[in-house]
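Got some structures for you, see below.
Shared between the two complexes below is subunit A, which pairs with subunit B and subunit C, respectively.
On to the complex of A and B.
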């Protein structure tokens, strides 16, 4: 059922919902952007739907709600490890289709890979319901359609934001009661059907081709351009890598906690082993690694879909103006060229 | 609630054997199903975690041979008999012992690489009827870095052994890299056999090339990889090479797979 809901009414609903849920949405942090006089848009808990930024892409994805930048895993003493605890509030996340699909990719890593479930991810993920936000325009770096991630049916509510009114589709019966007295309307959520940016995906059929892809000259361009900052991986909704480290509370004690912190394959020390030996030693190697993970080997492993959902945030965040869609297109051109050489 | 497999558990240290100045073998009480070639995450509160191979398997004990190189391993060396070693595991793939049975086996190991293959060697030493022959080529840098001296001595009675030091000449040891001695293995006389190669990456590459030159087919070669690991359960991404997670599908790989694992 769909309803026309005023902002005031929606805020009342929100107030009720907040008794049971933590409600997260992209909101604006003024003057906190990367450049002077720019804002930062990222996920945080909201008190009013007026705060939700629905007509601009958020700089960061909602992944940090379920896979926080830093997360305590254990508290320890010298004699025991105790699993960290969380409260029992449920979670509601306002998100666009690409991000909901992105979180499905995280599910694959955290809940399926290795046939084991990561308890820290699962305990948050199990609480999550989505409020789907309609994309009112196609932002210039989006390529969700090429990645097949412009649609989803995993949502409880779908919302189209207007100046002073919202159109709300209620899909999850749990929420029907909140809107029963509102005016019923004919609203169906519209998924984006065209992007300005189109991406062609590479067809790497075998290991022979993969080896040739490794040796492509195109990667070397990134030695001059990529500065290993990792902004792309922290903005990416599907990047899941982390490093664990221990923190002690006092100098001489053994009381402390084990945490995990986001890690980036673009950083030099990502593969460094004891003795200083590391792999993928140039920005070119690391760019190749990240690109192939997003549009080749994740799919090789899990079969269904590529890891990248085409949200374009890596492109938006790159200080060096490296466009990920251009990188993929270039790779595909090169693979096609190599293919022709074989035939 | 599913079980938290990243929860470290305490294992009591029952013995510490000093192999070299910087490599000790820690024996802990443990009654667990483990396989030859698997590893554990040694997990010390306050310092962190490090993947360490199982170097010995007993009825109710396990051994780990640890080289002191940094944060976690330094701290392990502070532990004494009777204290607890926190660990989680076992993780990863193992050497397919059953496939090696009733055939000839060649083991080429360099330095600390002897450690992950030691339990396999001990198994076939104790069950020498279950293997046709075993050729062991073990190499170390110098006299001070020789590991498992007692075992090496014992192995001589059941296996064909070649022990070698990179440059030094001492009793019982040849001179040169392990690769210099591969040609001495009578591959031609074997009907059906397997080759295990474990050691530093450069050594494994060179040894694999050398055995291939001696007519060994790729399917018969087994290697064990080392990669940076943080979680050991397929989540943190540090060990990934293409679509392969070394902590899950490795550390033991057949060469047909290993040769395509490029960084």
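On to the complex of A and C.
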């Protein structure tokens, strides 16, 4: 069923929902952007649907709700340890289709990779329900169509934001009661059907081609362009890497916690091993790794779809103006050229 | 040519004497150094109609139009009325009795500025907007003052070499949870700033003593862990100057002050100048004026009635370091 819901009414619903749920949505942090007098849009708990930024892409993805940037796993003393705890609240996340698909990719990594469920991910993920936000425009860095991530049926509510009214589709019966007295309307969520940016994916059929792709000259461009900052992987909804370390409290050197913190394959020390040995030593190596991970490796391993969902945040956040969609297209052109040479 | 021209009067009208007798260079103010490009056509018209067809991008960011003959000055002044009104009255809200006789005073020079955060990725604030607000405080006035406004501590506008240099700084705030300990901010601070960041237990610690407020850490932070406090803060450098006798770089007078403080101290400048110069607006660099008063008296008078925000820091004393072209008293000719 779909309903026309005023902002005021939706805020009342939100107030009710917040008794059971932590409700996360992209919101604006004024003047907190990378550059002076620019805003930062990222996920945080909301108090009003008026806070939800639905008509601009968020700088960061919703992954930080269930894969926190800094996450304490357990606390330890000299003789004992205690697992970290989370509260009883369920989680409701406002998200666009690409992000919901992105979180499915994270599910694969955290829950299905190596037949080992990550309990710290799972305990948050199990709580999540999605509120689908309609994409009212196709932003110029989006390429969800090319990645097949423009659609989803994994949502409880779907919302189209208007000036002073929302169109709400209720898919999950749990939420039907909140809207029973509202005006029924004929609203069905419209998925984006075209992007300005079209990405052609590389067809890498065998290991021989893969080796040639490794040696492509195009990667070397990034030695001068990429500054290894890792803004791309931080913004990416599907990047899941973290580093685990023990933190010892300074007031008592025998007490501390084990925590994990996001890591980035774009950082120089990402592949550093004991003894200082490292095997992706240049920005070019790291750029190649990330690109292939997103549009080759993951699918090679898990079979169904590519890791990248085409949200385009890596492009938006790159302060060196490196476009990931253009990078993929360049790669595909090169692969096609190599293919012709073979034939 | 038998000229009989009161060049002092023309100078106060912003027409500068040329080495060619009877010719003058008009200096048109551009407070904060940014205006709409449409005004260029007026500048071009004046240069081509009454000047020698050229214009100099003045060292104080004026439009300087040389080669204007004395007899055409009235016509030029009449023509630039629309420019003066557009820039001084409309943009800067300056109170002027008369706009058809050209610029009424030259005392307070054009306030220079870098492009600031209107464009620059390093800029911490809108330099032009601040310069326009300052214009209302200093213009028109026969008392001399030179100011420069810099968007960040890079100080591309050379705030260190002017009477009052105002530099935009940002109070950086750190979100421990968002930090991934990658150390990019440490590298940036090490390479570009004051080396106040270091790593401890996978996160960043900061020596708050000496943060330059540049914002480099936020520029490179991949996760948005470093952000600028939304309040704009400023550093004020005083007493810098060029000149033949004792050029010197200015020194820090105030740090971490808000815009209200800036407006307060610049608002006090004319009274300070009048007091020290015994109400005779003679030409004296601001730095010399501060020297004449002595720093303690300057500080007392310039901060009169100014409410300092709690974050403010004020220089207790200033150690000037001049280059003494006039007073090389220890250097003697070899034969004596």
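Following the convention adopted for this analysis, the second predicted complex is superposed on the first by the 340 of 343 C-alpha atoms of A that agree within 3 Å, B and C clash if a C-alpha of one lies under 4 Å from a C-alpha of the other, contacts with A are read in each partner's own complex, and residues count from 1 in each chain.
Definition applied: a residue touches a chain if its C-beta (ideal position, glycine included) is under 8 Å from a C-beta of that chain, and two chains touch if they have at least 3 such contacts.
These figures come from a predicted structure and were not determined experimentally.
Participant: Putting subunit B and subunit C on the same copy of subunit A, do they fit or clash?
Facilitator: Here subunit B and subunit C can both sit on subunit A without a clash.
Participant: Of the partners subunit B and subunit C, which touch A:298 in the superposed model: first, second, both, neither?
Facilitator: After superposing on A, A:298 lies in contact with subunit B but is clear of subunit C.
Participant: Determine how wide the angle is at the CA centre of subunit A between the CA centres of subunit C and subunit B, giving a multiple of 10 degrees.
Facilitator: In the superposed arrangement it comes to 110 degrees.
Participant: Applying the document's definition of touch, where does A:222 land relative to subunit B and subunit C: first, second, both, or neither?
Facilitator: The answer is neither, since A:222 touches no partner chain.
Participant: Looking at the overlay, does A:37 come into contact with subunit B only (first), subunit C only (second), both, or neither?
Facilitator: So A:37 only meets subunit C here.
Participant: Return first, second, both or neither, reflecting whether A:248 touches subunit B, subunit C, both chains, or no partner chain.
Facilitator: Touch partners of A:248: subunit B and subunit C.
Participant: State whether A:73 touches subunit B only (first), subunit C only (second), both chains, or neither.
Facilitator: It touches subunit B, and subunit C stays clear.
Participant: Quick one: classify A:285 as touching subunit B (first), subunit C (second), both or neither.
Facilitator: Once the two structures are laid over each other on A, A:285 reaches subunit B alone.
Participant: Check the contacts made with subunit A and report whether subunit B or subunit C touches more of its residues.
Facilitator: Subunit A has more residues touched by B than by the other partner.
Participant: Mind working out whether A:263 is in touch with subunit B, subunit C, both or neither, as first, second, both or neither?
Facilitator: A:263: touches subunit B and subunit C.
Participant: First (subunit B), second (subunit C), both or neither: which does A:214 touch?
Facilitator: In the superposition, A:214 contacts subunit B only.
Participant: In the overlaid three-chain picture, find the nearest pair of C-alpha atoms across subunit B and subunit C and give that distance in Å.
Facilitator: For subunit B and subunit C in the superposition, the minimum C-alpha gap reads 10 Å.
Participant: Identify the residues of subunit A that lie in both the subunit B contact region and the subunit C contact region.
Facilitator: 243, 245, 248, 263
Participant: Under the definition above, what is the set of subunit B residues touching subunit A in their complex?
Facilitator: Subunit B reaches subunit A through residues 1-8, 10, 44-50, 69-70, 73, 84, 86, 201, 226-228, 230-231, 233-238, 240, 242-243, 245, 247-248, 260, 262-263.
Participant: Report the residues of subunit C in contact with subunit A in the complex, numbered from low to high.
Facilitator: 117, 121, 123-126, 151, 168, 170, 176-182, 184, 201-202, 215, 218-224, 227-228, 230
Participant: Under the stated contact criterion, what part of subunit A meets subunit B in this complex?
Facilitator: Spelled out, the residues of subunit A in touch with subunit B are 73-74, 76-81, 83, 109-110, 113-114, 116-119, 122-123, 207, 210-211, 214, 240-246, 248, 254, 256, 258, 260, 263, 265, 270-275, 277-280, 285, 292-293, 297-298, 300-301.
Participant: Which of the residues in subunit A come into contact with subunit C in the complex?
Facilitator: 29-37, 40, 42, 59-60, 68-70, 227-231, 233-234, 243, 245, 247-248, 250, 259, 261-264, 267, 317, 319
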